[in-house]
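I have placed the structure first, in the form of structure tokens, so that the comments after it can refer back to it.
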Amino acid sequence: MPIYSEKVMDHFTNPRNVGEIENADGIGEVGNPVCGDMMTFYIKVKNNRLEDVKYKTFGCGAAIAVSSMVSELAKGKTLEEAMKITPESVVNELDGLPTVKHHCSNLGAQALHAAIENYKEKQKAGGQKNG
Amino acid sequence: MPIYSEKVMDHFTNPRNVGEIENADGIGEVGNPVCGDMMTFYIKVKNNRLEDVKYKTFGCGAAIAVSSMVSELAKGKTLEEAMKITPESVVNELDGLPTVKHHCSNLGAQALHAAIENYKEKQKAGGQKNG
Amino acid sequence: MKTEMKKVYLDNMATTPVLPDVRRAMLPFLTESFGNPSCLHEWGDVPRDAMEAARRQVADLIGGNPEEIIFTGSGTESNNMAIKGLAMAQQKKGKHVVVSAIEHFSVLNSAKTLEKWGFEYTTVPVDKNGVVNPEDVRKAIRSDTILVSIMQANGEIGTIEPIKEIAKITKEKDILFHTDAVAATGNIPVNVKDLGVDALSLAANMFYGPKGVGALWLKKGTRIMPLLDGGIQEGGRRAGTENVAGIAGMGKAAELARVEMKVRMENLIKIRDYLIKELPLKVSHVIVTGHPQNRLPGHASFCVEFIEGESMLMLLNAKGVGVTSGSACTSRALQASHVLLALGLPHEIAQGSLLFGLGTDNTKEDIDYVLEVLPPIVERLRQMSPLYSKFLKQEKGE
Amino acid sequence: MKTEMKKVYLDNMATTPVLPDVRRAMLPFLTESFGNPSCLHEWGDVPRDAMEAARRQVADLIGGNPEEIIFTGSGTESNNMAIKGLAMAQQKKGKHVVVSAIEHFSVLNSAKTLEKWGFEYTTVPVDKNGVVNPEDVRKAIRSDTILVSIMQANGEIGTIEPIKEIAKITKEKDILFHTDAVAATGNIPVNVKDLGVDALSLAANMFYGPKGVGALWLKKGTRIMPLLDGGIQEGGRRAGTENVAGIAGMGKAAELARVEMKVRMENLIKIRDYLIKELPLKVSHVIVTGHPQNRLPGHASFCVEFIEGESMLMLLNAKGVGVTSGSACTSRALQASHVLLALGLPHEIAQGSLLFGLGTDNTKEDIDYVLEVLPPIVERLRQMSPLYSKFLKQEKGE
């Protein structure tokens, strides 16, 4: 049996929402090449909802699949709903991940949340600059 | 390949000269059950020659084959010639023995020599009692 | 003569034949599924699955969980890993170990190595049937004891030990308990939970699996120092590329042993009891070694007085019968079996040791054949034994 | 598409396929010749002979004597035995060991275990090609150094080390020298006398033999403490019932490696050099790791910048290509290869590691297939890599 579930393989081989958003409303960057994975999430917010979510990911199959799944889960959600996306829910949606790869699911949620925080800070700082 | 040469197997399965000699001229007993082997050699001496050699042996295949070979080698020899039978010559005559069994060849020569010594002592002590 | 050509293998305690189903389970891993189970590409998938399937099969045989199985290269390695690895992991708590006098050399010599490393060990005696008294274990336990290792069954005399009772004591004292179940597993029901042990060694070639594969069952949460450092195979507890074919074979053998155990045992006990009853009737001055009843199903062991074991087994071999002996001459170390001596037998009797390891292939006919060929062999060797002549002379009152 | 179905195994440094002749040499020991080689009856004869024949075949492969071969359960076990066993046997002379920074974990972690046992060890660096400078070994040697262990060839970067030169220094200083030749033996000429070493590890699954069998060559007269205590198999130096089938297979594999070595090497070097030349032409920003020429014949390794190894190998796997990587994500320990870091490569580049282990089955067509499928994979992963976008922006001068 391959180490990854079919769902993971599907998201890994056909990752959804890959890319950058120009003039994103929020950007979240987590990880570093030492640990092996890096993710940058870009969000576009409209009416408190994630109108668009994109990302770039450097990392293993799990990291890519997690990014893809997080982007799918997040898209269309309100910011509050999106903040509730947990590593566990990502793992569940992917029909599981090998134990050693669980940290990848942390990174995915973290990167999304970081992008949302970044959006909120920008809001605080200068109003709806790119609204 | 069996651990023993064909020659050893032959002497082990058809040992020559097994037995005791009643009123032997010399008896040599070596070994003990702790080390695993015991041999008792009986000799009949006539005109300084080993007219008959017999033995009883408690021990492994090598011990039995060695006893048989020693008895064959010794029979008919003068006492001086018989004293020159060495463990090495026994091993050679048997086409070799496994290294761990070399002590058996020591025992064989020792038992024969002990029987000869015993004969000589008896000679010294009381003349040709059973001559 | 027709019977001269008969071949009767009765040395299943040395190693068992490999069952055809076991061999079939191994072959894919020597052909197309040769991959390394650590590999992430598809060549790793089937071998990895096979390892996990085998882990479950082995766990099922002994009532453990698959995660608790560590595959090794032999029963000896399992024992070394358990004794040294558990002791080293516990050394801050204490440095004293308890073993029995009849443990296999892989346990005894591991304890001796621990001694070189600054540990101490105590040897618990056995009674004349080879049984450890749990109260002796209790007495041997000190405040710095960290590990007790008593075998489940002895391979030389077949005796089965009171592991459950000993486990009660180790549990009460909060000490780790390892049992060497190499001779037992696959041959009698073994259940780690029932037994109450913390670690248990087993080996595939004792139950119709291949040679060169063993396992250590280690209760979840038990700390151990690896014996083999390196990669992270077996959860980092036993490094090295896995013997996948062997492990797959061990798994299949474990499954077969579990399923067929009851039938195998019934058949074996029948012919074993027959041998144990008949042999002393056909040959005088024979002692049954080990426990008369509470012993491994296929295990029958004797000491034949006045003669030596190797010469008996060589002559039996000439008749097509394969057996073994615990005599000094058969051991390349040239020492009589420490197990037989621990029973209180004198050296000259221990030298006459003869051990029959009956297997699933054996029939009552095989036993009858042994009962036919052995008496003249014994007679012949006795005729040339100085010990026997002495005995006869003594009997005659000389 | 037809090419989609192609299967190209290029992971022979993880494990090789088992050659049909090797498998055939093993089968008797899983069928009629199942006996234990220690047994004195005829069931022991054929297995014992097979072991001795294999011992000679292995000895012949490396220019040693059969008595100097100790069979083990893996390359890892051989390394553990050598490092721990030689150090423990020498500890009265001193307690310091020297290893290189790019040793296999079975050597490095054994050295770490020695540290726990009161030894010290020094790690010698390598240059950017992974080559140990013998003078660095000389500098690392102290008055209490008792053992040097430097690998003959590295499995991750293929670099071959100057063992002969290092042996001159250890000889001069009268220090034992072990070399881990697991990746080398069977793939390049290895001669223990030429090399001048005292101990050498090898493993069957590196040269088309079975997994689960290794050997340690130990120069006659060299003292060692056994890793596995117990019976007196392997001259008392490695206890436990022997994996006879595996050992017979190792022997056959050794013989074939010896006989076919020249031809195998010529073919492998041809396609390896082709891969090493072509890949950087098809894919930009690729670094060849290890020594460009002085490397194992079938070994080609690279770092592909801006992307991570596991995702590459998974996509290669989807195209039927089996390779491996030294990236943190592929190691279950989640650390980038210590070997690549020792070359001075930064983490982000080490993460792009890709390792091709070419085998006797491989052809130039296989390499062409890789050269066809890899570039789009790299391109696709780079398109989604934040590191690559940063690089592009920097290039544009943003």
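When the chains are written out, they are named A, B, C and D in that same order, and each has its own residue count from 1.
Throughout what follows, contacts are C-beta pairs under 8 Å (C-beta built on N, C-alpha and C of every residue); 3 or more make two chains touch, one makes a residue touch a chain.
Every value quoted in this text rests on a predicted model; they were computed, and no experiment measured them.
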Graph distance between chain B and chain D, where chains that touch are linked: 1
Need the most distant chain from chain C, centre defined as the mean of C-alpha atoms. A
Where the CA atoms of chain A average out and where those of chain B average out, how many Å apart are those spots? 90
When the C-alpha atoms of chain B and chain C are each averaged to a single point, how far apart are the two points in Å? 39
Whole-Å distance, C-alpha centre of chain C to that of chain D, is 35
Hey, how far is the Cα centre of chain A from the one of chain C, in Å? 56
Indicate the residues of chain A shared as contacts by at least two other chains. none
In chain D, residues with contacts to at least two other chains: 40, 42, 310, 314, 330, 332
If two chains touch, include that pair; go through all of them. A-C, A-D, B-C, B-D, C-D
Counting only contacts in the complex, chain D reaches chain A at residues 306-308, 310-311, 314-315, 318, 327-330, 332, 334, 336, 346-348, 351, 383-389
Within their complex, state which residues of chain B touch chain C. 4, 12-13, 15, 18-20, 29, 32-40, 56-64, 100, 103
Contacts from chain D onto chain B in the complex sit at residues 40, 42, 45, 48-49
Can you list the chain B residues touching chain D in their complex? 1-3
In the complex with chain D, residue positions of chain C that touch it: 9, 11, 14-18, 23, 26, 29-31, 34-36, 38-43, 72-77, 79-80, 104-106, 109-110, 112-113, 117, 203, 205, 210-214, 227-232, 239-246, 310, 313-314, 316-317, 321-324, 330-333
